[in-house]
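The structures considered in this document are given below.
Next come two complexes built around chain A: one with chain B, the other with chain C.
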Partner chain A sequence: MVRERRDLYSLPDAPLASRCYSHSKVETDEEFDARWVTYFSKPDIDAWELKKGMNTLIGYDLVPEPKIVDSALRACRRLNDLASAIRILEAVKDKSGPHKDIYPYLIQELKPTLTELGISTPEELGMDKL
Partner chain B sequence: MTIRCTTSPQCLEAFLVKYRKVLQCLTFADQYSKMSLAKPVMRGLLGKRLRFHLPIAFALSLMAAAAFKFGVTEPRKRAYADFYKNYDATKEFNNMREAGIFESVRPTGK
Partner chain C sequence: MAHQAHAYHMVDPSPWPLTGAIAALLLTSGTAIWFHFHSLVLVTAGMILLILTMIQWWRDIIREGTFQGHHTPPVQKGLRYGMILFITSEVFFFLGFFWAFYHSSLAPTPELGGCWPPTGIITLDPFEVPLLNTAVLLASGVTVTWAHHSIMEGERKQAIQSLTLTILLGFYFTFLQAMEYYEAPFTIADGVYGSTFFVATGFHGLHVIIGSTFLAVCLLRQIQYHFTSQHHFGFEAAAWYWHFVDVVWLFLYVSIYWWGS
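So, the complex of A and B:
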């Protein structure tokens, strides 16, 4: 019942992000990134919006930019959700698929944020091994 | 040819302390051994993979279908056609009758 009134128009959602070069205006990569940074920067973001945002973001054919992940991690901090923060790191690692150079780069870029917010990486917790 | 170091240990130590960072840079020691990673491509990776693999997949599938058609089904159809081209049903019936496999007609008793 609560979710009915959820304003889904606030979601920076799919249609513009898909690169079909039809009549609609094509969004640039920078605009896309800015939209998602803004989405996660909402001061009173709630847990549902965080989850929905992450799930939508993971559905795209891209690995999120460090600044988007940074914004999402800060949203996790506002929500006191360490589990989601670590899960986000696992998710972006999985998104890189066979491209092993993406995740180390992301961690390199996110290191200051991870230190500031006190987030351990899955590797530090030994969670990357089965 | 040996080279004798004429600097005193204290001077040498002061020099090393002062120029530690420079030396580390030059020798790629410590944290400078890992050069800062360059930004990799992070967008459109699946699209790129599909654009490469899907045409190959379709081509291979079509080739497999064509190979089966011309390697199996066509020879099979030809074999049947050849068999029935000059098939004499009556003669075959009589052969079967004589062999005694029917119940409705007995062999022409001799």
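So, the complex of A and C:
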């Protein structure tokens, strides 16, 4: 999980399954990632579910792992939604906040997928200079 | 003359259902004519006929109940069921607009920037006038309850005062909301944000106006001694409707004004 924070339990908006209730199950980073990869891997995911998933994911206090973004980009491909694919890249860059090294790392990890699916980055399109 | 051997109300023949139906036809066809041929004649005739129908139909109900004594306990029970079912249907009406709002806001499309509020939309601060509006409606819920207790306890003057206060609070809400509509940095044409905002809050505002009117009629009736401490269903129906309007506002406030900002 690409996260920059002090402690998993001290944040107010941690993912649902990770709140510090003593009685509920705590979700590991791997389980979180797997859950989201599965969500976007649904073969017949519809446009609403894609957008809802992205909004929920972006609401968390973390930058999604490359494998989650990869799964979401493939969902965009199945839905013929290039606009959302590029928007996802903008969103994860924004989520990185002041940590300027996260986004280049993500793009580096996703390069094969971006090439395979024919997705340009916002930078390649000149959209990062608005 | 034969007398009825039951407690129910077999109503006399009345022209108002027919005039109401004609009004509905004029309003619908009139709207279509207005859209395509720019003439307001039919829809205006429909509005006038509708208003006259409502005035005369409800006036007749007041005559039948208050002056002729037809509203026995079983009849009143039926009227209660009727009002409850009507309000329930209104709940479903608003549910549709909330569905539309949540459909669009939980999964915002790329055209909006994939985010909510959409790119470029300047939302209203939920802690300014909208919060005042919430306080106004909640207060009016208190005053209408005060009015009810006053009626039940035979306190004529207090009933008139609290009912008047309720209506004034309703007018204040409408005034504040009208100002908000005028000053808002977005319009109904501003994408799905504008559509969901103004259709949902707009229909709510219309219901506030309807509710205020209903309460105003009750005020006039209270002044004219129509209500007794035991029997004042018209007022109860108005109060139920008013509470419904208040609850809808609370959902609107939390969903659209607060969460949606």
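Couple of notes before you dig in:
In the analysis below, the second predicted complex is superposed on the first by the 110 of 130 C-alpha atoms of A that agree within 3 Å, B and C clash if a C-alpha of one lies under 4 Å from a C-alpha of the other, contacts with A are read in each partner's own complex, and residues count from 1 in each chain.
Quick note on the criterion: a residue touches a chain if its C-beta (ideal position, glycine included) is under 8 Å from a C-beta of that chain, and two chains touch if they have at least 3 such contacts.
None of these values were measured; they are calculated from a predicted model.
Upon superposition of the two complexes on chain A, no clash is found between chain B and chain C, which fit side by side. Residue contacts after overlaying the shared chain place A:Q108 against chain B, while chain C stays out of touching range.
Judged by the touch definition given at the top, the superposed model places A:H99 against chain B, while chain C stays out of reach.
By the touch criterion defined above, A:A83 lies against chain C but remains apart from chain B after alignment on the C-alpha atoms of chain A. Residue contacts after overlaying the shared chain place A:E65 against chain B, while chain C stays out of touching range. In the superposition on chain A, A:E49 contacts chain C only, with no contact to chain B. Our summary of the superposed model lists a minimum C-alpha distance of 20 Å between chain B and chain C.
Common to the chain B and chain C interfaces on chain A is no residue. Contact residues on chain A toward chain C in their complex (touch as defined above): 47-52, 54-55, 81, 83-84, 87, 91. Those residues of chain C lying in contact with chain A across their complex are 103, 106-111, 113-116. By the touch criterion given at the top, residues 36-47 of chain B touch chain A in their complex. By the touch rule above, chain A contacts chain B in their complex via residues 29, 61-65, 96-97, 99, 101-102, 104-105, 108.
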